[in-house]
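Below you will find the structure I want to go over with you.
Labels run A, B, C, D and E following the written order; every chain starts at residue 1.
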Amino acid sequence: MVNGLPAVTALLPALLLAVTGLALLLVDTIRPDARSNTSMAVVGAVGSLAALAATVWLTASGGVSPDGGAVLLFADTVKVDTLALFFTAIFASVTALVLVAAHDYFHDHANPAAFYSLVTFAATGMALLAVANSLAVVFVALEMVSLPSYVLVAYLKQDRGSVEAGMKYFLVGALSSAVFLFGISLVYAATGSLILADIASASIDGLAGVLGVGVVMMIGGVAFKTASVPFHFWAPEAYEGAPAPVSAFLSSASKAAGFVVAFRVFTEAFPLEMAVSANVDWMLSFAVLAAVTMTLGNFAAAVQEEVKRMLAYSSIGHAGYALIGVAALTVDGPANGTVMGAAMAHLLVYGFMNTGAFLFVAMAERWGVGRTFADYAGLWRRAPVASVAMAVFMFSLAGLPPFAGFFSKYFLFQAAIDNGFLWLAGLGAINSVVSLYYYSRVVKALFLDDPESPSALDAIDVRPTALYAAVVFAAVATVLLLPGFGPVIETAEAAASALF
Amino acid sequence: MGTAPAQLFPEFITDTLGLDSVIGDVAASLVAAFVVGNIILAFTGVAGPWAKRKITAAFTDRIAVDRIGPYGLLIIPAAAVQLLAKELIIPEGVDRPSWDIAPILLPASALLGFSVIPMGQLGPINLHLADPEVGFALVFAFASIASVSLVMAGYASNNKYSLLGGLRAVAQNLAYEIPLIVTAMSVVIFAGTLQMSGVVGAQTETLVTIAGVSIPSWYAFVNPFAFVLFLTANMAEIGRNPFDIPEAPTEIVAGYQTEYSSAYFVLFYLGEFVHIFLGGAILAVTFLGGASGPGPESIGFIWFVVKIWGFFLFTQWARAALPRVRIDQLIEIGWKGMLVLSFANLVLTAVIVGVIA
Amino acid sequence: MTALASSIPPSWYLLLASAIFCIGLFGVLTRRSALYFLMSVELMMNAANINFVAFALYYGDLTGQVFALFVIALAAAEVAIGIGIILVLYRNFGTTDVTVPAEMRW
Amino acid sequence: MSDWIAIGALAAVGLLIPIGMMTVSALLRPSVPETGKSTTYESGETPTGGTRIRFNIQYYMVALLFVVFDIETVLLFPWAVIYRPAVQAGVPMADLLWPMLAFVGILAVGLVWAWRSGAISWARSPRATSRKTTEDLN
Amino acid sequence: MAAAFVGALTVFLAPDEWAGRLAFAISLIPFVGSLYLWSGFEAGGNALLGGEIAYATQIEWLEVGGRTVSWFVGLDGISLPLFVLTTFLVPLAILSAWTPVDTRQSQFYGLMLFMEANLLGVFAALDFFLWFVFWEAVLVPMYFLIGIWGGPRRKYAAIKFFVYTNAASLLMFIGFMSLVFALGDSVSSFALPEIAQAIAAGDLSAWFGIPADRIAMVAFLAMFLGFAVKVPIVPFHTWLPDAHVQAPTPASVLLAGVLLKMGTYALLRFNFTMLPEQASMLAVPIAAIAVISVIYGAMLALAQKDLKRIVAYSSVSSMGYVILGLIVFTEYGIGGATFQMVAHGLISGLMFMAVGVIYNATHTRMVGDMAGMADRMPVTVGILVAGAFGYMGLPLMAGFAGEFFIFVGSLSAPALPYAPVFTALAMFGIVIVAGYLLSAMQSTLFGPFELETDYDVGPAAFHDVAPLAVLLVAIIVLGVAPDIFFEMIRDAALPVVEGVTIDG
């Protein structure tokens, strides 16, 4: 344990987030006059950064090491290991970015308090999800992520788009979580336990069929959270209709949360051998999902006219890439750890670049320029820094070498190939080429095109400082992750390898 | 946990009659239930209204019913027959099934509440139908079904007063359910069980002995604060003054029962009384040591009845003495006052128990 | 109680739960009103609860029952939020028919 | 024997009695339908408008709060039951208290916030509606 | 070397007004640095083939799937000249940008320096990943330079450039990766020397059922195509004129001066050094392509009216020389090719700059429009003409030395059949070059001044002419004393040659 500290210390990040959420409520209680916007943004950002710091500290201090050094708490229902910390880092950083950005986005909103606290509570749920070692905790945490998200998407109560998005998100979400829950119940029926390890070791006497159905249903639940086929169709609506910071939050953090479930639950509760023996071959289903998802996402994104919607589809595509991490697994395959680790690293990088991209959209919405590519034309004349940042995000998302996105993608594909999934990697590569097309459209619009009317950009009168800060920080992170990729990928790989 | 609970009523029957099969159990239970049910109805349906009129009259210095029978005791059966024989007027646009179910649900749920209440012994018979592990939670569950029936009635009878009444009933029940249960929880902390017999048994121990008179550890004595809270919440729960806004005859003309007449009205009326007495029973069991009292256990039922009537008296006094609260006051008292107080009480109790135990 | 309940083979519980789940699913797929949708989802969740409780009994551990408690709580929260969203939906679109709002193309 | 049989029996009785009374009255009572009678009562006026109307959102607020706290009590009951035996079994009181305190504390924050933002004051405050769903996180 | 990188990168991060001067000043730092490196340079052999590497620094970067990627940079005889060339050209290019670039200067110079940093990286990197990152990172600023400061059809040009080169590098990337995978576990990193030596040691093994030699061939083709686009060689050259014509002068200077060399440099490094057998197998077609691009480029240049296009096409043709020089696999051929890279870098840079200067004065590039410039801008025109001569390969000019070496090499090429034929054809190319350049000069610059403008066209500013002069001097110096580079180039080139002669 972390040099003799009580075991609960391992939960520090989650606790910090939770406390932050409550603190936000208190702040708003003390100063409910909506002017507390700034103070709440500060509190929230500080809290999430503290959580991030705690995560990094825990990881660095090696208190929780992947090799058996994982901390088990609360009768094994909670397991803090490097995997958990890694994902918690993603959640915390994305949360910080979103909160900071929200300060400007909701500058004139009547009551931003709910927003901040909801985001932090959702982040808490994610952190909990990352450490969940029991299906019960998984489900509870999952709901704890979903419920605030529903509200967040529909946060602009007067905006029909937002409300509709929230409605659709909620419908699909409720349905999928019910399916997920029933899947859990079937698994419980078959194995008689909710602790992942016990499920793995349980003897399935004649109930293998039940187990199989349960696993399939759970895949459905995961598919929803990760916005991948077949539960993907909420994503474009939700991301487009929701306030842009929320879209950023959902498409980065919430997606990663879905993946942490996939990574941990499926590898620990239904180990590969068991999956093959009980022929509950979830790897195969994930492989198919990954293939369909990335293709659908990318090709749909290519035909979009609105930047936000394009980003939404592209995030579906990226879900497809990350799914490779659970798809390209074989029984004692040489690169199991590598491929999953690469997927994790990709999620981390993606967390920054995608959040940044959506936050740029948020800035555009704040400025009141339109939503389509054409409306972005020539933005760089008015906002060079932000535009450069956006270019960084786009190229990185497309996986161009100078940026971190390239590494994470490359290693993902390489590991998949090492594991014998040449076709998946190939498909991924093709999709990346496709994606380059529509990502570069944004850059083209920003830098090369001229605004259709010289007065088109006069709307840009404000300089949303906080939004700028968030975007620029995300860009810097995206770039710095290139030289700093070593520790990231190695941590991720170690964490993932511990699962096999 | 106090003394072991006496033999339950149905078991008593089965043993005396030597029945031993599921059929026998069912039959015995039915008999027991019928007996208990009738006893309760006799109290509530007959004595209740009569006493109500008498008490109110006494408070307001009037002469109440005295024509029919001694002290006008027979007025109630007469009124019942008369009401049953009245025409049932069904207004247009009522939501039929729920409009019919509501009047059944109210008395049934209230009656059901008694199933787990240990009503003490009457001679050899222990008037206690069932004693499940979760009886304590169960009784509250049964008691709160009533509000469903109220909102059904309010919504079904196509009438604005009724709608308001139903909604108010719900709002009020919601507002006071929590304080009620949380306060009851402090009792559970004392008792350490949810079994009714356990709760009652735990109150038989002697708390203190003053001048040779040993005062039992009724929770009313142990924790008067909780008792007051519970009493208040209970009043609201059963919708009596000052919390009778669901009916509020002077504002919304009897609220949810405006459109009811004939047998249906009788049922509502009856149900309310049963509900009052159930509230009394709960109070008695939870805070007043159930059927315990001076004298042999075999007359426990007497004590129980006394306690219930004491509560009934209290409600009638409140009805005569206290003004009705407004809906907003009601909500605010409930959520801002009672809730906080009840949680404070819970924590307090926990600490005290932790210290003394 | 235990004697009574455990005399029923577990597969019956499974069948019951699955049946209820399918009913809920059917409701989800056919109903157009958001409220019915909500109810159907609740039905599905309760089907899961049946499984949990039943098999908690079958395996003789409390995990399932406790989890069922949690599920109830979560379901309640979900309904609360759902109704909230339906409320704003109604305010904006004047209906609770989930097929009506189509500001954005699918 | 099972307690539930007895309870069921009482339920049966409790249902039978009202139904019996209904049937009795159905046998006894006359039926003279008449349009005047069948209008709903509205202080003697002819009723205006229907009753299937949208009523005050505040009821929803309250219901929401209730859901939160009701579930909380459900989750607290087990704790309350084991509390005293655990204390007598020698478990230090703090270990038993802090989970409940934390749990209640979180809800308390939520309540205070809802209180402050007007969710539970009957007079409808503009901020109230948008604040309704936050407490459900606990 | 570190100094060079840091200097360039920091400027990129701190661009601002009076950026021009600042950028120039800072760009001198890497130049000085590189000169220092040059002076201290004493490494023999080819970095990839076990020769010693100057200023090698290797830092573990990250480790994935059992292969390490590391920050591994170093110089050898082949890369150093180009390294110096880059650092030499950039300041001049920046100087030449003072006049034409008037909008958003800070970003402009920032991008220039950023590009310089990446170019240096390309030439110095000895780890495939590092190299690839730099390689791609060069494209981005170029894309913006063309796309934002370019001419009227800049969007089209920029996107064409971007798409072409990206597709190419993807192809190349796949090719190389297939090599790496085929090497399997015999290599534990992406360091080029290790890979090269592993290949030389014949560690290529079948992969996914594809026999090793076929993989090697596929990889060779893929990489060759990839680089060919970059060079560019004839079928893939179409992006070049557009890019050049549309690009602002400084950008096209770097484009012609350095970016094209990246292609040939990579060809030499990867294809010919790593896969000599395949290279020698394909010698004839490659040589053919080289010659074709010589002739064809020259022909096209002959047909052009736009001075910039002329220079652009001519650089296509002279790149053909380089390829030819490379493929013949002789000490002189490869050496000469490398030398020619440098020379052409200087010369084409000079040409573009001069054209740019004239254009700034006259706002036309059309041959004929600007007749009689000679008496208006004597110095500039003089230098332009001199540069043209250099292009034609006049003795005592760098161009001459390069081409001479190449021909010497190719005439005596053991590995290449029909070497004389190709050589002859290529030489014929020179004639055409001479032809069109002379005609262009003739019809353009001399004769009476006809262009009527509402402003007077006078001599160019000093900071415009100065770089031209400097370049000219450099060219002549190289022409007079080629050995300053050639020596080290040769002993870096030798192992390559041996590589092929051994198994050839």
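One rule holds in what follows: a contact is a pair of C-beta atoms (placed from the backbone, for glycine too) under 8 Å apart; a residue touches a chain by one contact, two chains touch by 3 or more.
These figures come from a predicted structure and were not determined experimentally.
Trainee: Please give the groups of chains connected via touching, computed with chain A left out.
Mentor: No chain A: B, C, D | E.
Trainee: Which number of steps is the smallest that gets you from chain A over to chain B via touching chains?
Mentor: So the least number of steps between the two chains is 2.
Trainee: Determine the set of chains touching chain A that also touch chain C.
Mentor: Chains touching both chain A and chain C: D.
Trainee: Please find which chain has its CA centre nearest to the centre of all protein CA atoms in view.
Mentor: Of all chains shown, the one whose C-alpha centroid lies nearest the global centroid is A.
Trainee: Applying the document's contact definition, name the chain pair with more C-beta pairs in contact, B-D or C-D.
Mentor: Higher contact count goes to B-D.
Trainee: Of all chains present, which has the mean Cα position farthest from that of chain B?
Mentor: It is E.
Trainee: How many Å are there between the centre of chain C and the centre of chain D, using C-alpha atoms for each centre?
Mentor: 20
Trainee: Suppose each chain is reduced to the average of its Cα coordinates; what separation in Å results between chain B and chain C?
Mentor: The mean C-alpha positions of chain B and chain C differ by 33 Å.
Trainee: Using the average of all C-alpha atoms in each chain as its centre, how far is it in Å between chain C and chain E?
Mentor: Once rounded, the distance between the two centres reads 68 Å.
Trainee: Whole-Å distance, chain A centre to chain D centre, using C-alpha means?
Mentor: The separation of the two C-alpha centroids amounts to 38 Å.
Trainee: Can you tell me which residues of chain E touch two or more of the remaining chains?
Mentor: Residues of chain E touching two or more partner chains: there are none.
Trainee: Give me the residue numbers in chain D that touch at least two other chains, ranges are fine.
Mentor: Residues 2-4, 70, 133, 136-137 of chain D each touch two or more of the other chains.
Trainee: Among all residues of chain A, which ones touch two or more of the remaining chains?
Mentor: 147, 151, 157
Trainee: Please list, in label order, each pair of chains that touches.
Mentor: The list of touching pairs comes to A-C, A-D, A-E, B-D, C-D.
Trainee: Okay, in this complex, where on chain D does chain C touch?
Mentor: 2-4, 57, 60, 64, 67-68, 70-71, 74-75, 132-133, 136-137
Trainee: Residue numbers of chain E touching chain A in their complex, please.
Mentor: Result: residues 60-65, 104, 107, 118, 132-133, 135-137, 140, 144, 147-148, 154-155, 158-159, 162, 166, 170, 174, 177, 181, 208 of chain E touch chain A.
Trainee: Under the definition above, what is the set of chain C residues touching chain A in their complex?
Mentor: Result: residues 10, 14, 17, 21, 24, 28, 34, 37-38, 41, 44-45, 47-49, 51-52, 54-55, 58-59, 61, 63-64, 66-67, 70-71, 74, 77-78, 81-82, 84-86, 88-89, 91-93, 98, 101-104, 106 of chain C touch chain A.
Trainee: For the complex, which residues does chain D have touching chain B?
Mentor: Interface residues on chain D, with respect to chain B: 1-15, 17-19, 21-22, 24-26, 28-32, 37-43, 47, 50-51, 53, 55, 58-59, 62-63, 65-66, 69-70, 73, 76-77, 80-85, 87-88, 93, 96-97, 100-101, 104, 108, 111, 115, 120-123.
Trainee: Quick one: which bits of chain B touch chain D in the complex? Just the residue numbers, please.
Mentor: Residues 8-11, 14, 22, 25-26, 29-30, 32-34, 36-37, 41, 83-93, 103-104, 107-109, 111-112, 114-116, 129-132, 135, 137-138, 157-163, 167, 170-171, 174-175, 177-178, 181-182, 185-186, 188-194, 253, 258-259, 262-264, 266-267, 270, 327-328, 331-332, 335-336, 339-340, 343, 346-347, 350-351, 353-355, 357 of chain B touch chain D in their complex.
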